[in-house]
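Below, chain A partners chain B and then partners chain C, in two separate complexes.
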Partner chain A sequence: MSSLRVEEPSVNGAAETPWSAATGRELTELNARHGWSLDAAELAAVQAHFKALKREPTLAEVETLAQTWSEHCKHKTFTSPIRYREGKTVKLVKNLLQETVAFATQKLKKPWCLSVFEDNAGIVAFDKAWALAYKAETHNHPCAVEPYGGAETGVGGVVRDVLGAGLGAKPVLNTDVFCFAAPTYDGPLPAGTLHPKRTMTSVVAGVRDYGNRMGIPTAAGGIWFDDEYRFNPLVFVGTVGLIPRSAIAKSVKPGDLIVAAGGRTGRDGLHGATFSSAALDDSSSVSAVQIGHAIMEKKVLDAQLRARDKGLYRGVTDCGAGGFSSAVGEMAEKSGKKGGARVRLDGALLKTTEILPWETWVSESQERMVFAVPKDKLAAFAEVFSAEGVEHCVLGEFTDTGRLEVSWKDQKLVDLDLHFLHKGVPRRERPAVWDAPKTAPKKGGRGSEKARAGEALRFCLSHLNVCSREWIIRQYDHEVQGGTVVKPLQGLHHDGPGDACVIWPQAVVGESGGWRGFAVSHGMNPSYGKLDPYAMALACVDEALSNLACVGADVSQAALLDNFCWGDPEDPKALGALVRCANGCRDAALGFSAPFISGKDSLNNTYLDAKGAKHSIPGTLLISALAPVPDVRQAVTMDFKTANNPVYLVGWTSDETGGSLWEEFSGETGGAVPLVEPRSAKEALLAVSSAVRSGLVMSAHDLREGGLAVAAAEMAFSGEVGVRLDLERVPRTKDVTDPVTILFSESPSRFLFEVAPEKEKAFLKAMKGVPLARVGQTIANPVLRVVDLDSRTLMEERLHELKAAWQRPLASALGGWPGQNGNGSHK
Partner chain B sequence: MTMPAPRPAVPDASPRWVVEVSAKPGNPDPAGAALAHQVAALGVSGVTEARVHALYELRGKLSAAQATDIARQLLADPVTQDFRIDRSGASIPTGPHWRLEVWLRPSVTDPVGESVCKAVRDLGLPEPASARAGTAYLLFGRLQKAQAEKVLEKLLANPVVHRSSAEQR
Partner chain C sequence: MKKPRVLVLRTAGTNCDLETASAFKMAGGDPELLHVRDLLKGKAKLFDFGIVAIPGGFSYGDDVGAGRIFANEIRGQLRELKGFIRSGRPVIGICNGFQVLVKAGILPQTPSGEQVASLTFNDSARFEARWVRLRINLQSGSLFVKGLPEMIELPVAHGEGKFVVKSPKVLEMLKKTRSILMQYVNEEGKFAGYPHNPNGSLFNIAAVTNPEGNCLGLMPHPERYVTRWHHPNWTRQTFCKEGVGLELFRNAVNHALN
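Take a look at the complex of A and B:
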């Protein structure tokens, strides 16, 4: 077998320096030139493997190994040993994923978890016949370079994950969560870095166009603004799909044909997972960034689901990072006892003739799926796909040889031992350390600040992390498929901030589904994470589950997804924070009895500036949660409905202002980070979830950034119903002695409810054992009136002014707020 | 289909038609209005009006009549839109303005272009060898070259995936 020669003289190192003779340094240089992103130990492992075989690796083989061993595909950091020191305790973590997130899932052993951490998406039961597949992914680097195309292909990729889960689920909901620098950012930016405003508008446009064109509602999400994301924006996209429970099991048998269907393969998207800033160079002939083709993916979806229901294939996976090399490599592992695949690339359908065989093998061209088709089903398979106008090609067959063999014409490109490919990546121990930051909760309370309470409230409402997202949400079609029961914008004028969306997937499950639906929500707070990633993880899970409970979902069947976006894992402090965050995820999952069903990590979100300084993003955890809503007719929104109803606050308020909006407003530091106490939080959560489902509350909202003040204001202005709050009645710990702390502390696991007077008794009975108090009532006067501990009025704010303060910031920053500078909104 | 041996990229020399589609006078151009707004928000003053035209490049052996057929039946809405067709890509005549053109780079997938080919086939018209979609942005008013280029760079084109040009007319 001869080594592949590459045309360009600058990258022919593989042919010139034989691997067996190369020094470590030469290998490192080779690695950098090709953008493989293999580290020294991995390069040495490849070298040793081929030395033992007494031959040189081909370029295609190294490419295959680089893709399969990439952080993106193998989660090396999460599965390699870590020596973790916290304070004076040192612990060896053998496999972070297995010991934290996955550990909780195994321990909880929920019978309704049908497929977890093994397929392209997590799958949980929906009803007797159907299951829900959910996956969330990030597409950060592509979005930094080309936000529109990056966001589009991000959505396309996660939709394909759900299509590639089991034998394929029908997507019924897209979710999107972003982290950007403020659109008003006016600090310096290096050449090649797009302004956050442009990144944001283009990412939104990409998510919008792909989701809308595929006919999938985009109805849940969020944004977090922090200027530390200016070099590395984060774009999380998720998809929920419905799958018949009978279509979850998949297999591959030796002799099955390897069939690729969908888009053709081109040079677009080479090294998508590993491309560097050199890709920005105009002279670069390879485009790592791509534009999505939503209509193509919609056709693939339609054809695939028909083929699934006719039983025309045994297994399927999507072409994501690594293209054919990863997709075929992954499926080959499942073929027979030893696994194996024999691929002839001559069969591939190509966009261009200007492509090398190894490029075809690793290209990440979009909208492609790979199927394992029994030979006798090929004709029927072909008929279904061509009826939808989707091309397909046969790439070879699965074997039981234990080898991945790839050829092009009479040339052998790859002959790799599958065991080495999937298990050969060397594990390297990394050091990690976490030291708790010093906290010094304010002594003596904040009573002296109470004159500024109104000002603080307006500050919180107009904060970029709280204010209205309507400018973005309205660009998405959140109604398509006709099942969006609780919408992202709620209230009298459909412009208030909903906790979670509720989907009634009747279009998919038909009459048999009755009124059963599901809800999806998110939890995120990187500000807490800067102080304590453990507390952040608990707070995120608490937030996501609270949101579900508020709309009427059954949280005893809530499933979680984790998405970690972190900085440099070689930095012990960053890695220590990651370990602590993962520990938080484990404890939250165990505490709330809510298993993780799938997850993803994106590490190395760093930027090296011209002076050589490394900028990292704040460690960021996104928790996505999914739970069934037994009867969508009982779903509840967050806006106050009518005047003269009792208002209840559930949960204790303590002095927890670390990382809060109050600290940002007042300049205080050292507050305690809100820390969830899972045992009592779970009790309250289950009671709330059951009370809402029993129709005992008229409106429900959880307390997050900005605490009680913001939650009450949001409920009031969304419903245009005033509210009076008596702070004296708020259940609180002893350290809370002043109105400011009561209003703005961000203690977790708290809810506000509006209860109809005639249901008050039943509500109290349902909530027995849970700390709560009647803290006020809704009033006809359209104001937020807060009565101080001394029974005097602390503040009385007009709802329309609060609402304007909340609605204006984002639209204004993007130039779309009516009346600003005499400009109208977009017509 | 077999894979031919790789060969270096050569400029595509096949015959070319450019179709430019614009809103008929008196019809609204919302994309143009939005652009004027964004240009002002960018801090570039002096633009009195912006228009956005769709561009299609059709390659292959097509006669003028065939290309016109494609434009009339597929690319332009006869009620609300005008179109003009030319070998070189001359635009619809209008007053003095800056013309900014943005096309996807040849290596980048062009879903709109692919859909045009498919639609031409579905209409039973002679199919072009390739179709690419682009956009022309026309900025009217007092504008310096540097300002026009700023609009192109900050709002309209990303060199990673686009090729673009700015020309005063």
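Take a look at the complex of A and C:
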């Protein structure tokens, strides 16, 4: 024990000038040396604060401020003023979050939103007794430098978010969405950058091992490939948990003990929060990535939920970015009127004695939760946790002094004013600008291209952003907990691309839950975002909600999560695109009447190469959506079921090929970006949602990348049922005059349905007022036959060939399954 | 009639406990989740229960091989489990629970009680989740499969499910005692290699019973197919099968009742 090193009395070692006397430049140097990621204004604010107190800050104090003020924890860009110019209009945005996504939520005032934007996850009603907590996080920087560990701790972190929501929710579903460069990428890669194939396989393994070991099904997700992600891969992980409605309210009372439980604290994961808030370069440190231990977290989960049900604690939060400093600091704010906490770090259980007290305070060691335990409950709390083999330690108590006080032995490490800690971060105005990119408009029609329609279809199906994800999904235990009633892979051979999963959490809620379940889906399309981030936001929400409607969820109760991953917010263009994207989120939420309940932003996804050039990711928005499925027995999958059924197309097809796969195939540019018209889209969506839930359709799929051609092909080969499409019958706007546009336009808010002949009448009645047409029918011959506007056959493609084209890319890039053909496709 | 008490044995890393308990409840049992520590400390008694289930998961993280540590715990400290089996009461080990029974030397059952088989890494070298077809040996004396059709479907989800034996004699013994309860097959009921046999198991073995028929270990997850809505094809019109997995639990409960 004697080997504990002693805390430096203050941050200024002998060689450094004291803070009070330091120039701005010296502070900036100090900041860089310590990796705090504070900007000049923040450093000045810290300096001024301590000057007024007439003392020097301690290292632990500056560390605490740096963690708490990090972009990762504080979302400074989203909550600071922005001077935004769009064309000739200039607008001052005071608080982007409050004026966009949160604004929509406040305006919509849904009674089933039980806790939004305040806890570690958004919480919505499930039924009378239970609620659903949902949170999606990003773990981009760690996955760039150490993909396996980064992905594992990403999952572990978001699971803890859900354990730290309310008094703790039981995780019942994990979601994963990735953005990578193509695994077949063969361009140059700078030193220190991993090959995208290595990143991808390691990230998948990390998500797999943590999720599978914790016994949480990973059953919804997606991937987007674009070589612009080669320096900064994106990894979004989400968790849905079930929580009794009576366990949503949490509190902290002065006098409650601060108790940490779970893993011990070590030197792993120092500076994760500040690291995540900086750009990557070839020196980016692997030591900022923590080590995950799924079984420890499973034990914590088991113990915590038992303690919750016995009422042994009043409040809880997870130890994530910033470790104890953030967790205790956050909970301290809620203690009594003024808030406060008194921490004695001597009590902390450590992995190593070779750790400085300030390191203990900010370490991001995994699998730890912090509880507010009333003194008289401590003994019972301890018994529950030790029965599950989980260690705990008392770190101090919450107070009402308005101060965050931390000591080690008889040494005072931190004595910070809570108000300054939480509200003292200076709000700096940033400039932002958005100008539509100039692209050469398309010339002439596409009539002459129709001979290539079949080739274009195969291009789309084997495109990395469309092709089968079976290589990944099979590695996830997507059925553990016994509630995955609509699986991610659907169809006759269980290998078609499902729109969403449906979870029936019967094993958790018991018989009282009846047949009620929920569905989760995603929407993402960075290609649209490159042309117009506003249109991207609308398209993402449209996609996520359409997916939910297709499987039979009640979209009138859909809740959304936003995850923004962006480049450098100091770059006015990047920030302008972000503002425009957030505006799109607001308008989509209002238009669809679907509130955001939680969100997260990850900025600074940039890479500084050796020559000093900065590479940025494409502005990326992930929309995750969650909605109840009133009766899971009414759920529908996307595979065609039998021959001789009418096939209906819902929604207008316009000439919208901007950012589409058709443009990529043909080399065309300048097409209009698909733009959602929320009012009519919402009407159609609600009608679809209700028709599906009433059992009026046999199969349902929405039209996205690759348009009508891809959707029809996927439905047909997944069900091994052929289809004939008559393009003449497709409802379309006047600008659509050729078959190629009808087949490959990516107009949003469209669906394809297979309807049983005897239900046709009822279906049409349910869809009254919604643009739709019977565009073909399912056929016994296993082909996709497309009849041109002139009634001639435009193409006839064999389903097994289409399916093979769709199944091949990931399997061949990543090393397929031995005997891949055995179960999936025939022949 | 009093419902038979079912012990669903938990330890660190068990993760299929809730749905296994739920399946027993649906089957008419009275399940109780219990940590192995509570049994070892004497807080609960094994023989107070009519049925024991060891559910799936990653007991102790599968750190030194799937199920190994839990198996050692049972072999060393929970010796009465063997007596429990000898008493004729139903015992089922699913997935990790099967791995535990095998590594504890309980299945395949031998006079010496030594471990003569193992479940090791899949031939694909990956964790895989997929539905498989199984052929049940209806000649076996297993109480769990009474009334079941010869061909059933169940999901598997594991990285270490390849059944191997110490020597060819073990396989002969298993055949002779009709202890091979389920084998992986294709749509036609024939042995057909990967992915029909998802892990490369010897002789396509998916489930093993003791000759008396009251102790079952299997890699597939019957608790994940207890209603028709668990099957991947239930949304297809031609599909009308009920949750066959439930029958295994029902048979165990009915046996315990008698």
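We adopt the following convention: the second predicted complex is superposed on the first by the 781 of 827 C-alpha atoms of A that agree within 3 Å, B and C clash if a C-alpha of one lies under 4 Å from a C-alpha of the other, contacts with A are read in each partner's own complex, and residues count from 1 in each chain.
We adopt the following convention: a contact is a pair of C-beta atoms (placed from the backbone, for glycine too) under 8 Å apart; a residue touches a chain by one contact, two chains touch by 3 or more.
Not measured: the values here are computed from a predicted model.
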* chain B versus chain C as contact partner of A:149, first or second or both or neither -> first
* Give one of first, second, both or neither to describe whether A:458 is in contact with chain B, with chain C, with both, or with none. => neither
* In the superposed arrangement, does A:295 touch chain B (first), chain C (second), both or neither? -> both
* Asked: Where does A:215 make contact in the superposed view: on chain B (first), on chain C (second), on both, or on neither?
  -> second
* Asked: With the two structures laid over each other on chain A, which partner does A:198 touch: chain B (first), chain C (second), both, or neither?
  -> first
* First (chain B), second (chain C), both or neither touched by A:268 -> first
* Does chain B (first) or chain C (second) touch A:250, or do both, or does neither? -> neither
* Asked: Which chain A residues lie in the overlap of the chain B contact set and the chain C contact set?
  -> 293-295, 389, 823
* Asked: Within the complex, which stretch of chain A touches chain B?
  -> 7, 145-146, 148-149, 194-195, 198, 263, 266-268, 279-280, 282, 285-287, 289-296, 345-351, 353-357, 360, 365-366, 389, 393, 408-409, 814-815, 823, 826-827
* chain C - residues contacting chain A, complex -> 10, 12-16, 18-19, 21-23, 35, 37-38, 56-58, 60-61, 123-124, 126-131, 155, 157, 192-196, 221, 223-224, 226, 229-230, 232-238
* Using the touch rule from the top, collect the residues of chain B that touch chain A in their complex. => 1-4, 6-9, 28, 30, 33-34, 37-38, 40-41, 104-105, 107-111, 114-115, 118, 154-155, 158-161
* **chain A residues within the chain C interface of the complex** => 208-209, 212-215, 293-295, 298-299, 302, 387-389, 474-483, 485-487, 489-490, 492, 494, 504, 506-508, 510, 632-633, 635-637, 639, 641-642, 698-699, 719, 817-819, 822-823
